[in-house]
Structure formats: C-alpha cells, structure tokens
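First chain A sits with chain B, and in the next complex the same chain sits with chain C.
Showing the complex of A and B:
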C-alpha cells in the first residue's frame, strides 16, 4: 500500500466495520437495506446510527426481514435510480444467490460489502472466502481488501466502476470477517469533500419512471437470451481497465494506493511468488520480508480483483518466477483446489510459459495461519522450483487426530 | 348510459390465452391506478405473456425480478422514490399470482407490509401454479384437481382448504384489505383506486378464474368469476384498519354445485363414489362465508 505521509495526522483508531460504514456514508447512498448477520452486523448498525443522527441526507434505510429481501429491495431501488448499498456475509450471501444473478442480469450497480465468513455445515462464524467465491459466476464484480483502510477505500472505487456506463454491474467489496471487520486499528476516515470529487452522483440512463415507462426484467427466449450473457461478459471485460483507473485516480485524490487489479510486492526478481487475496497477505508479506532479509528472492502477488479475473496482469506478474504457490481460503470440494489456484493455472495454460504452480487451501472456518505455516508453504514452493511438483494442491494443516 | 370505462395501460397483443384472467386483472388494476404507477410483477403467467423481449405490453414502468421477492422489490422502489424526492403522486403497485403471493413470496410480502411501505399489492388468485402447468398452491380450493393434487382411488384432489391470505394481511395491520373479482370490473377498479390512495401498505385479493387451469371455455371467464361470488365461495368485502366495513351482498345464493359442475377441475366430484358428500363439504364452506361475512 502506498501511504500518504500526511495521513498520519488524520488517522483515528476505529473498528474496521466503522471505517467501512463511514465510507459507505460518504458515498452518499440513497437506499441502504440491512439484515443482521455476524460478522457483518456492525456495519449496518453503524449506518443505522448515522441515519438516526440525520447524517446521511436523501437516504432511506430499510430493515428487511431476510438477506433475500435485503438484496431484492436494492434491485427495486437501483432500478429507480437510487445509489444502493448493503452488507452481508456467509449464509446471508448464499441466501441472496438467486437475486445476485438477477441484479447483474438487469445491470444494476448495487454495491455490497461482504465480511467474508465460512459457510455451514458445520456452522462457523469465522473467516474464510467460501461465501463470496461461491458467488463467482453471478456476474458481480468481486474485489478483496487486505486491511481495514483498503476495505473502506474500496467502496468509492467500486461504486465508481460499477456505475460506469460501460460497466453497469453490481459489485462486492470483500473484507475478511472478524480479522478486518472487528479489528481496531488506525485508519483515515474518508473525507466527504474528496469523495464528492472522486465519486459523482449516480445518474443512470434507464430508470423506472412514469414519465418515460420502461420494462425491466423481461422474458428472453433462446433467440435473445445469449446476447444478454454476452453483454454481461463484455461489461466485465470493460471493468478491467476501469478498476485500474479508479484505483489510480483514488490514489491521486486521497493519496493512498492499494493496487489496481493486482498488487505486486517484491515480485520483480522473485524466484518464488506467493499469491493470495485478503488479510492473509499481511502475514505473507511479513514472512517474505524475513526471507528477503536472508537474501532469498521471494515475492508476493496480491489479487485484488477476483471478478473480473485479471488474466493478463497475473500472467505478466508471475511469468518469470521459478515456482508459484497460491493460497486459497476456499475449496471446490471434489476438485481439491481453491478457486484462485484453479483459475491461475487456467490462465497460464495457453500461455507460452510453463512454470510450476501449486495450491494450498488454508484458513478454513477461521483456522489461524501463523507465520510458521506460511514459511512451510514457501519451503515447499522452493522445492517445487528446484525439483518439480509432488503434490499439486493440498490442505495446509489438517489435524490427523480429529479425522 | 353508464360512464365510459377508465383508460387502461396494458396494451393488447400480449401472449395471454383466450379469456385470460391475468390480462383482465392487470387491465382493471391499471384502470384503477392510472398512469403514474410503477408496477412490480413477480414471476408468473402475467410476466411471461406481457414481456417477451423486446416487446412489452406495459405502458407504465414495470419491473420483474424473481418469483419470491415482489414485496421486497416494491419496498425498494418505494424507498428509492422517497429518497430521491420523486414519490409524490407515484403509486407503487405489486401484482402477482397466488403462488408468488401466498406461497413462495409470502416472507417478502410480509416484510413489506410489516414495515409499512406505501405500496399496494394485488394478488391475482387463479388458485394454482398455472404458468408451470396447473400445480397445487395454497390458494387451491378443497377437492380441486391439479396436476399435483389429482383425484385417485383414495383421493378427491386437493385435501386442504384455501389459505385465508386476506386475513393474514389484515393481521399485519394493513389499513386496507379488500377482496374482489375480475367478474366485477367496476368493483375491482374502485378498490384498487382506493387502495392506492390510502397511505401505507394496502392489499387486494382478486379472484381470477383461469380457463386453461380450471377447464372451462375461454368465453366464460367472467361468468365463472361471477358464479364464485353468487355461490358465496368467493366473498367480496373490504376491511379497513382491521374492521369489516363493506360486503357485497348475495341475495339468493346459488348452490355450489352450479359452480363446481362448470369446471373440469371438479368433474371427479360428480363421477366418483362419495362425491356428493364432498360437494356438501364445499357447500358448508359457502354457508360459513354467508354467516361469517354476513353476505345475505
């Protein structure tokens, strides 16, 4: 992350959820829908206090009766032309699944914060990425933040990309549940004036308005349906440079840069590159710093945008490494791989570069991933660099005594 | 000479069956609302037949999202209009079938009514899932044959009475709940108009005979709707703030047999052993309606 030195004076110690709720507030949402679910709840609680104190003008806050209705209400509000926001996680996000496709198909730029959490059974409230990764194909932008500051800074960026007329897709700003949502650390709360400068008011071309009646969500037969899907894909591709541009412009205005589609840390000369998404990157960078101090060329590739998937950027970032290891806080059961691993392999397959890539599925249900485990992973990747792959993808730390 | 009918905002040329109840219901509904209306329409025949992309029969803004979220989408539309300062004079109206209203969409509708959004919701009740091919819903009446409640050696068809959806909506504290029928267009138009003029969540339950699903000729839709009212199987009333304030009187109720005999879905009651006893049970429902709602 590029930090603005002047930020130090502006920093306050708040909970990650508060930083995000505050960021949502300064984005001037018109409709917020809210339903409680741990560990997302503090975000909508903080927003409800802003509403109670009259701090969000021209905004309606709806306490819905389920996550299904949380996102459905925003389908209605976004179609009217309201900037629409909600936050959820885990079971709530899964309950929204059907509506997620719908919001994207109707090209409604709704934004949600997802405080990533494991999914049941067994029920578990702690962090992994199974919830949002399971929404991969719903047609939502999906960005992952590394720390509370980025979780907050991501909101105006993703609103800007989602509402772009070449994109018009909904978006998830993902932050690790508890690890980022409940941690107290110094952040800069987003300034209203800078946000107004960065994020213009939402001014959609197509809205529900009796003065100009339009039909939303029509029935499409085989002769027209495919083109809707094609246009969604085209919009996703259009979002790739817009995500980069929004991150860059954000950096110019606010003085902070967390990466665009990806962010590279010491990758230029790296022999081994560790790839991942979210808060684990902080631990990985600490461990990599130790390796670097010993003169070992290890680098880190942060993937910020999971959808759209930045194939070109990833290819370019890892092509000269001797081995790559991908850490996923999710698993496709039956494939024994995490999604970032699978997709990274996939995007390298038809390139001319044939570097070995291995994967670890880690941190399921909030299982701690200590520095020693990261070091173990890097050691394995070093072996792969010298003598090839023995195990392509594996769990990190299964307790044999519990099986 | 009677007054000319109000203008409607559903274009002809939609894909409904001959005698389609949904088309009549939507037409009357829009006669009641006028043009300053945003329609939220959960999945069903009405949505499918009116919006084969790129065509649309709707001359007012219209949104279809999913089967089970009409109440929530309408909530969001209303909230957005308020937030953007555009609510004044605009009516938000949900319209869905018995499946999307009484079964799969009841959670979402319950939430919308409990929260008190300024919306009107019209249930067009044709008493089964017609869009998927006539399957039983909680709106299907006792002993009706559907493709998932067929009569057989040990069954007379649907084993349960209709869910009393209007009572559920009254229980939400709705300021205005009314039943109506597409057989009585002026009644329906008047009630829809009244519902949209009342602040808060209002509910209209419109009985709507489906020629295809019930098994009668498409020219008889209105006749069938009237028979349901004339036999007292479909009471028409208004409830304002929980109180029964108006009832359509039926001076000389016809026997239910007249209504049942006209529809294929009840044909088995006239051919199966024990059918007479079943018809008596249905007559008892009509008698209960007469007593409970004071229809005479």
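Showing the complex of A and C:
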C-alpha cells in the first residue's frame, strides 16, 4: 500500500502526469529537454507551463526536434553540472538508445521519467514495458512505480541515488503509460520544503569548465576501456544500498514508503508468490486479498529496482515459497520469456534453493489484465506448487481465432 | 467500491465528467479514481470514461467490466453501443433523452432513468453541454456523491460565470431526477 491514509488532508485529485511534473519541478532541475510523445506528453506540457509561469527558478527548457536531441542536450547540460531531467516513452526512448550508453559511460546523473509504452510495429500507443526493458544494458538505473503517488515520489529518490558520489549514473523512473499517466486520483503533491531537505543541490566533483579543462568520455583504448566498464558495474552495485537508504529516508521525511529495492506483500508465510513490476501490482494485491480471505497463502513480491537487479533481496523473499510466478509486460522474442522471469530464475540458479518458477508475459500493447486473469495465473501456480512445472513460460491470453 | 461508466462522443466531455466525479467523491471523504478508455479520442466517435469510488484507497487498475452505474450523454449511442453491457442487476443507467425509460426498451434488469439534460443545459448554460448536468442527475439518482460536492468540483475547475451556470444546471438536473425517483 503506497497511499498513506493519514495524508488524506494533503491530497488533491490530479492527473498522474501532473503529479510527476510537479515532482520534477520541486526537484529544482536546471535544464529540462524533452520531445512530446504519447503518453508522456502531459508531463512535458505541464513542465512547459511551469517554466512559462516562472515557477521553476534557475531552469532552462530546451526545445528540440527529437528525442535524440533531447538526451544529447542533457548530456551537455549534466556535464557542466546542471541537474537535468527529461521524459519520454516507446519509440522516443528507442531513438535515445545510443546516447543512453554515452550518458552512463560519462557517469552523468540525468533523470528521466519513462511513461512505459509498447514499441512498434505495429504502431501501438498503449502500455507495456518493452521500451524500458529494451534499455536494460545501457547502464541506467531503472525503477518501476506502482501508482501515481510513487511515480512522483520516485523522482527525488532517484535523483538522490543517481547524484551520489559512489554512484553517478543516470536513471529512469518508470510509470505505466496511460494507466498511471492519465489516471485522476488523490495524491500528495511533493512539498518544496521537504524536497529541499531531502534532496540537496547537485554538487558534482567533475564538471566541464573552460577554466579547468577536462574531457568526458573522449576515448579509451583496450588498455583502459575495461576499467571504465568495471567502474560502471561497481557504481551499479553501490546503488543497491543507496536505493534502500533513499527510500527509507524519504519515508522518514515525507511519511510514505513504497519499498526499497523490492516490497513484500504477505510473503512471509506464502506458498505461492506472484512477482511483477509496475501498476499491475495493485490489481494483483486485490486478488491476493480475496485468496487470503479464503485462507489461501498467496503473497506478492513487487520488484521496484530492475537495474540494479536486487538478487540477494529477491532470493531471500522467495526462497521459502512452494512456487513463484513472474508476470512480465515484456518479452525477449526468441527466448519466449519476460526479462524479470529470466533474471529471477538466473539469480536462483546458483543458490541452494530449488523452487519452481514459471512466467507469463502479460498486457502486451495495453491488453487489459482483469482480476479473473490474475486468479487464473494463481491457480496455475498452485498446480505447479503441488505437481511441478508443465509450461515454463507463456503468453497469458492469446486469441487463437486471430492467429 | 462503486464503478461508474460514462458513454459519450468525443468532444462531449466524458473524461472531464469522470474526473469531476472523482474530485467530488474525494471531497465527500471517499477515495476515487477516474480514467479514460485510452487512445480513442476522436471528435464524434463513441468514447467511454470511468470512475471508481471507494471508502478505502483504490489499488485496482484494470478496466471496468461490471459497472454499478452507467451514464449515457448521447441517446444516439443506443443505436450502436450496448450501454447496458455488464451492468449489475441492481445498477442504474442514466440516459440523456426526452424519452421515458419505457420508450427506450433497453434490455436490462438494471433500473433505467432518463433526464433531458440537453434541455436543462440549453435553458441555463445556453449551450448543449451535458456532461456536468448529468453529474447532477447522477447525484440525485444514486446518492453516491453529494450534489454540493459536484458543484464545488465544477466551480473549482471553471471559475466565474461558467462555473456558476454549470452549478445551477447541476442542481436542476438533480431536482428533476429526484422527482422522477419519487
């Protein structure tokens, strides 16, 4: 539960995109650059309005002609020490792909909201996670939010982790397109004073400065390149405890906690654990409550951090279950598995624990996942718990008549 | 939890109505959620928007298949859209039309109520904008939200005379449907 009922007096009913734009504003960015693309558009429209109204001091909004230019502009601005923010989705994120590696390799803590959307062809504007999952190996932190409140609260947290001197990596704060970006519901808009307390000004150790010339990401021959890659991985590992710490400190200051690297819901005694990321978790928790009311021990593991991948935390959370089912809104075509499923299996393989894990790829291109489908998945996982795996990974609800 | 589906045509403000309804329910002390049927926003095309109202925070993010209430902004939709789809047997369908529920012959066990929101809108607002008017009828028919909360939500969104006129029309539709109910 990421909504704190005690916050009710502070809540306002706004669109998820507005809550996120407002959160970006109170993080006091110095440069914003973005190119509009559905369903991210409302976020950048709201930010443009804030800029036009003079509500973001000491900030420049750079209009560009593409996402490639947007992220390139931010590589420059971040290198001179400006706190830099963007938002994008789908084909826009894919167009940034090359520069994402540069931003990470240059160790620039740019933060970007991704309003997750399917990728074409065929053209599809609706939600799944194929866009950000496809950026898995670019060296960006990648966190996934469950609801609009968490999508907003995630921004100061991820800025703080990314700008930490032991980390210095860019980060994506992912929220499900439309499902979270276009929903109106009560949220607490982040307070400026609390955010100033939580997130100090960005104080980079190294900046591009004509008075003190230095190069970023210029060239590395075989005798040094490997060490740059090693340092990137080391920074990712350093981010693991920082993500936990930032979530905890956020909770102390703002009174809301959405989980650190993971968040466990009724997992302690669970025989079947359902794992996933993003907005589907709310629906899953509602279904699990129905099972619990009937005395069935089902639990939910929310994975908040996809990169860095919290192997230890996941192992610990699921090791005592009789079966685990992983729901992925993405697929690695050719492996017939979603990424969270593959990586969860991978992190269990060399542990001494041998529990059956199955996967479903769900919600492709915005296909709705109703409660009944979640219940069907849980029933399958129960069978696996008692009699083993028959199908390891599958699509949830393919319409045979359309094939 | 109560689930509401609003049928309209692109440009009639179905999404705005769903949002205002969620704001009003929140003002009443409930939790609420409003969302459109994503990606079909073409002027004149049949569109849907949804609201959930609950005493506890709402985690459910799937679409609404079995609504408690349905609001139909444009009776011409009855020819092409099954507005009663999935509605609960004890639910209520509120339709903007001059006709009576009996005339419409909608195949449903749910209660059908009609209100001439277009006439109310023309008389008070001077334009055939019915989305807010129907929220007044919704408050009167269902009792799920306070009509004053609806009016406050409108006035917050549309300041000055526009908000005032809408509030007046909302009250009128509320009164009309209360009479029909009684």
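Points worth noting:
Rule of thumb we're sticking to: the second predicted complex is superposed on the first by the 397 of 403 C-alpha atoms of A that agree within 3 Å, B and C clash if a C-alpha of one lies under 4 Å from a C-alpha of the other, contacts with A are read in each partner's own complex, and residues count from 1 in each chain.
Rule of thumb we're sticking to: a residue touches a chain if its C-beta (ideal position, glycine included) is under 8 Å from a C-beta of that chain, and two chains touch if they have at least 3 such contacts.
Quantities reported herein were computed from a predicted structural model and do not represent experimental measurements.
Contact with chain C, but none with chain B, is seen for A:5 once the two complexes are overlaid on the shared chain. By the document's definition of touching, neither partner reaches A:241: not chain B, not chain C. Of the two partner chains placed by the overlay, neither chain B nor chain C lies in contact with A:120. Touch criterion met: A:185 reaches chain C, while chain B stays clear of it.
Ranked by how many residues of chain A each touches, chain B and chain C are led by B. Of the two partner chains, neither chain B nor chain C is touched by A:36.
In the superposed pair of complexes, A:200 makes contact with neither chain B nor chain C. Interface of chain A with chain C (complex): residues 1, 3, 5, 11, 13, 15, 38-39, 125-126, 147, 176, 178-179, 182-186, 279-283, 285-286, 366, 368-371. Across the complex, chain B is touched by residues 30-31, 33, 58-60, 62-66, 68-70, 72-82, 84, 98-99, 102, 106, 208-210, 212-221, 224 of chain A.
Contact residues of chain C toward chain A in the complex are 18-19, 22-23, 26, 31-36, 38-39, 56-63, 65. Considering their complex, residues 35-38, 40, 47-48, 51-54, 56, 58-66, 68-69, 71-86, 90, 107-108, 110-111, 114-115 of chain B touch chain A.
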